[in-house]
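Here is the structure we will look at.
The letters A, B, C and D name the chains in turn, as written, and every chain counts its residues from 1.
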Amino acid sequence: MSHAQEHEYNPADPHGFHEDGHHGHVIVPWQVLLGVLLALLFFTVLTVFQAQFEKHAVYQWGWVIPGWVNIVLAMGIACIKGGLVALFFMQLRYDSGINVLLFLFTLFAVWLFIMFTALDLNNRGHITEWRSGEVISGGSGVGFGEHGASKGRVDINSAAGPVYMRVKDNYIAEHGIEDYEAHGHHDDHGGSALSDAWQSRSHSGLTPGLFSTGVWEHLDDGHGHSHDDHGHDDHGDDHAEDGEHHDEEHANDDHGEEEH
Amino acid sequence: MTATLAGINDFVIKLFFGQKADSLVGSGLGGSDAVFLFIWWVSVFFFVLLMGIMGYCMVKYRRREGVPAEPSPSHNTPLEIAWSVIPSLLLAVMFFWGFNGYMKAQMAPSYAEQIDLIGQKWAWSMTYSTGIGASEFTTLGGNNNVPIFVVPAETPVRLRMNSADVIHAFWVPDFRTKLDVMPNRYTPYVFTANALDRSGADDRVQTTTDKKGNEYAYRDHIVYCAEYCGDSHSEMVAVLRVVEPSYYQTWLNTPPYGVTTEPVEVGALVWQAKCAVCHTVDGGVSTGPTWKDAWGYSREFTNADSLTQEMIDRDPMEWDNYIRESIILPGAKVRAGFTNAMPSFDGQLSDVEMRGVIAYMRSLSDRDPGTPIPGYPELEAEAAELEAAEEGGE
Amino acid sequence: MTTVDRNLDQLGDHGHHDEGSYLNPKYGPIATVWDWMTTVDHKKIGVMYLFAVLFMFFLGGVAALGLRIELLEPTRIDETGNLTGAALSFLAEGETVSQAAVGQAYNRVMTMHGAIMVFMFIVPGIPASLGNFFLPLMLGAKDVAFPRLNLASWYIYVFGSLFGVFSILMGGVDTGWTFYTPYSTTTTGQPQVIAMVLAAFILGFSSIFTGLNFIVTTHKLRAPGMGWFDMPLFIWAVYSTSIIQVLATPVIGVTLLLLIFERVLQIGIFDPGLGGDPVLFQHFFWFYSHPVVYVMILPAMGIISDVLAVHCRKRIFGYRAIAFSSLAIAAISFLVWGHHMFTSQGELAAMVFSFLTFFVAIPTAVKVFNWIASLYKGSITFTTPMLYVFAFLFLFSIGGLTGLPLGTLSTDLHLHDSYFVVAHFHYVMFGGTVIAFLAGIHHWWPKMFGRMYSEKGGALGCALVFIGFNMTFFTQFFLGTQGMPRRYASYVDEFTLLHQISTYGSLILALGFVVHLVVFLHSLFLGEKAPQNPWGGLTLEWETETPPIEHNFHHEPVLTHGPYDFDEVVPPGWDPKDYPLPEPTPGGHKH
Amino acid sequence: MASIDTHQPALPQPGKEKVPLWQRYTHGHHWRNADDEFDGAKIGIWLFLATEVLLFSGMFCAYALFRLMYPESIAAGSGYLDWRWGGLNTVVLLISSFTIAMAIRNVQLNQQFWARINLLITWLCAAAFLVIKLTFEYIPKWSDGKRPGALFDYPFAQHAHENVWWSIYYVSTGIHATHVIGGMVLIAWLIYRQGKGAYGPTHYTMMEGVGLYWHIVDLVWIFLFPLLYLVH
């Protein structure tokens, strides 16, 4: 670079090298970049609007929207946004083929990863239904200390029960059931009642005879057992018709558990 | 010719497996033994072919000084296509045949005998439809308390398997199939054991008499845990005892113990079935503390207040409670010098069994209720009285 | 323009005529060490990698010997609590031990063997050592694309390995190298397990950087005139390997990260007790660890292709088929991870994965057929590298064919997690990769260190390794089919004989490596000086001096012939009198 | 990448201080020319981005699987999040992506002042993202007891696996936030080097690389946002 000063710099062709077919140096017009930004912001608004509109339509107008609509629309918009970023901000549109190929192959690998894993984990119960059921035992979860793990590492097998029940019991023991109920459910659970697509497969694996201890009764409450009157199927329908009923229903349910 | 081939096949099977498969999944036309033989012959063919050509070339085309290598084609498309396509067809056969056999090991008819199986560090336990479990034990390898599980011959059996801690795998090599035992869901182990050959040709078929005096024929198969599960992984074995279906029904309806059995006897059985992997009763070292001379002694814990002699002397029941708590929540009190390795047996022991374990531990201690606890003979008498009343009430 | 112009002027002239061998110490001893530690020269980094991975191979091998000796006899405890039988019982003499304590010790050594061999030896093994040294040389480049990244990758490798060694010194881990949950998240030994998982995590970066470097180097730094199909097959293999390294390794990164979170914070993604799923871990794990099996074997296949061609003086048969089969294996390797989980996954996934698994057999078989066909009408020598090629063809064929009953669903239900699997992957990984590694080391030893080794010693070592290996592992096929599960510290009495043969075989195997060590040390210090091109190779690394100069070539090489044109070209550094060429036949060349 | 050649002739002394750093840059000696080096570096960066995408794919996979297994817990968990903060963060990241693309354009055109402004805006946006995340999301949620796995301590949960949801939420956004922090360090380095005049029309490899990295961070968030905040 001893003669750097002689180098006449040409903005349109900084290297004078465009004839050799390499793609590295493209100066994207600012209008394009700004346009892409605006498009991205527009799609962001659109995807939020779509989600909110769907929620509104279900609650206020009682529309029945299949569960897949939501995810397909949201992911579709995200893909468009991602495509815009990749093509213009990341300049894949102007880039050499190898980088484009690389990016596509990467996405293919991601697709493979998720699809094949889902193929297994979501298809366990074809032959024997109880294969897909859920039994909680083993691991570290058979054991929880007094308050979640807030007191340090949880000891294996020192206590038993699903975390959320234990946490609730602790709260009630500490503050009383009235306080618990008064606290209510201030959080927005909005989306949870949209369609029946969100419901778990029935956990048909449990046999009361095999595990007749207190732990498992907790699980029985409201988790898709056919014999359970307070199953979530019912909740779902209730909410779809009457959003206000929501909190009361759950509080009753919880109270019921308390009496066990 | 056919007979010779069959003889060679039998030899190959004997060489690899020791004997033919003892279940429907393994034997028969669609069984895995047949698939294995098919793969064996394909492999032998290709291996001999390739090594033959290699050996021939090694001799024929070895380097001679001053003689250049003869020119030869650098590729041959028809040949290359042929050696890609022909193996592919053979592979397709393997896949379909293998898949067929695999499905047999997954599917059971609706009338199959269903038995619950729990895998746990480091023992297997079965619960039959009548609520009973293994009642006899044997020695296998380094494990002196290997449970014997009785199963019927010629009857489809489906084990509903579940693990209480980590992943295990239930493998009966003689049945040629295994499946993982998962902590968060059930998995099925399906088999139909072949009939007992009572002609005397099969020296594994033997006859014995059970505790009730019934004579029965049986054939034993070893069960291994095939998924690595820790310290005593290699001792996590069991024996699957195949019996005649008729005897199986008899056995099923004669529980090894009931409410009238001596609690100490029940406790000893439970110990063999579930506890012997980690707890010795002769003072020996193992994963967990020994039960010999344990009951009634003070204990230090790593994660709880110690059980002092004073507390025990005040109320010997403290020790009984400690046993009970440790069975249900093993991590609540971990004895000093040991790690928290014990899985929870919550829900696995009936009241009878729980009481049996406590009674058995008492009987192993030199401080058991028979020996007056120094200073508190009247309390001790009261406790014994209470226990007697309780037992009488059952 | 000037940047470009100045360098265009230099094209074909690297301008380092007076340089010496890259091995020459230029300064004082301390400065030389410093020079090596801060070098960005791919050759020095390759050599440093070679010694590092061989050291790890030694550590893992010692652990393996320990395992085999422990398994010489089944472990039994007598009434007094003393170990009987086990060959290592003298370690616990006079102490009362339990079966579980023996198992615990065994499991730690077993994990140490697996983790060291997989993460620290065989994955980086060939690509990072021989690949680093020879990939730029074979491409005619001065260096890899990102030399400093290359050095960083070596340091990351050392750093990661230190974590692994630290974990072992802390008492070791008993998770098995697969870290299956929930065992790995609940077993005792918090600092060791986290250290070992971190080690694997960190080593992943080293692997990614190496792979990334090689891909860019292959794309951008080929010598003028070298098209994709003029590259030696070793490059194709390393290139395919690199693709897998780059795409698969990040997934093990996030998996191990989650495992660490699981142990430290109990986040429960893999913990069944908290709602997680242990099989999800297996999917995550094998999404990396199956492709990585091909990271282990593909470079070995590349070595075999090159070494075989040179020592037979024969154009490799079906060059394109071998090149494309490397890429095909790399691609298919991402589709078949589920065959490690036939006993834990659902029926549908098992069916799909079994079906796809057979596809990977085709390109592998094609490669073997092509190698065997390349022997036809060759001029075969029996040098040590070539002996290893024959050993490879023999052992790898067994390894490949025994994969068939493992890919077939019904037979795999029996063989899964048994000694059959152990034998199978040792036939592929040891009989394939390590044997090919040895072939490659012997083949390129003169080029790397400028000294010849003793052929007799090499052949003796090869024979011992071959015999010892077969004794050790062929018996294990029978152990597996008869019902011996893997990772057992003890066994029932019926298996004793086969285990004993296996253990004695492993001692012979170890002896073979000792012989090789002696041969190499002898060569380094007393070996005769190597000529530029001892075997008559045609690839570019033989065109430079032996050992190569610091910047590889005096002039940028321009490719004038293919890598395997043995019947058309007199090899560089050879007198045409010593290398008679056959009569040219019309149309008989150009792949 | 940068030069490793120690054999480069010394630059002529007169006028040295007037020549900006980027014009004095010489490519690595093992490259044929600067463009080859730039292309090679770009392939390298894209390969690195591929590893980033696959790293995140693990979390996407975990999300997808637990959504299939425990739909109501995941939907309920999503309900706890406020789309307004998520949306604001999306906008912030999109703007930062735009500004770094503009910064590269400025450097290509040798508009050093504007490049500096754009880089600063990018850095500030990144910081704003983290501040919003921390003050309005992590801290309130954590103190409510909405924590991952065994740490879960929220007494008003309705579903058995809400702790799994929080595990996914914290881990995926946590890994993303770590990448944002990494990006901030890199952008700060860019600002420092740019101030020294290191980047110009003939040499801006580092800018291009960091820019691409920053875009991938944005890209991941574009997918995380609807998955975590909007999908129910």
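Here are some notes:
Here is the rule we use: contacts are C-beta pairs under 8 Å (C-beta built on N, C-alpha and C of every residue); 3 or more make two chains touch, one makes a residue touch a chain.
None of the values given here were measured: they were computed from a predicted structure.
Any chain bridging subunit B and subunit C, meaning touching each of them, is among A; the list is complete. Contact counts per chain pair peak at B-C. One simple way to say how far apart two chains are is to compare their mean CA positions; for subunit A and subunit D this gives 22 Å.
Put simply, the C-alpha centre of subunit A and that of subunit C have 40 angstrom between them. Subunit C and subunit D, compared by their mean Cα positions, are separated by 35 Å.
Annotation for subunit A: residues 1-2, 4, 7, 15, 17, 98, 105-106, 109, 113, 117, 121, 124, 127, 131, 136-143, 149, 154, 156, 162-163 touch two or more other chains. Looking at subunit D, one finds that residues 25-26, 34-36, 39, 43, 47, 50, 53-54, 57-58, 61, 65, 69-70, 149-151, 160, 163, 202 touch two or more other chains. Counting partners per residue, subunit C has 3-4, 182, 186, 219, 247, 251, 265-266, 268, 271-280, 283-284, 347 as the residues that reach two or more other chains. The list of touching chain pairs reads A-B, A-C, A-D, B-C, C-D.
Taken in their complex, subunit C has these residues touching subunit A: 1-4, 6, 181-182, 185-186, 219, 247, 251, 265-266, 268, 271-280, 283-284, 287, 334-335, 337-338, 341, 345-349, 352-353. On subunit B, the positions that touch subunit C within their shared complex are 15-18, 25-26, 31-32, 35-36, 39, 42-43, 46-47, 50-51, 53-54, 57-58, 61-64, 66-76, 79-80, 83-84, 87-88, 91-92, 94-95, 97-106, 140-143, 165-167, 169, 171, 173-174, 176-180, 182-184, 222, 224-235, 237, 277-278, 284-287, 339-341. Interface residues of subunit D, counted against subunit C in their complex, comprise 1-2, 4, 7, 25-36, 39-41, 43-44, 47-48, 50-59, 61-62, 65-66, 69-70, 73, 148-151, 160-161, 163-164, 167-168, 170-171, 175, 202. Across the interface of their complex, subunit B is touched by residues 74-77, 81, 96-101, 103-104, 107, 174, 176, 180, 182-183, 186-188, 272-273, 277-279, 312-321, 342-344, 347, 350-351, 354-355, 358, 361-362, 365-366, 368-370, 372-373, 375-382, 390, 393-394, 397-398, 401-402, 404-405, 407-414, 416-418, 477-478, 481-483, 485-493, 566-567, 579-585, 588-591 of subunit C. Of all residues in subunit B, only 103, 106-108, 116, 127, 160, 162-166, 183-188, 303, 328-332, 340, 342-344, 346-347 touch subunit A in the complex they form.
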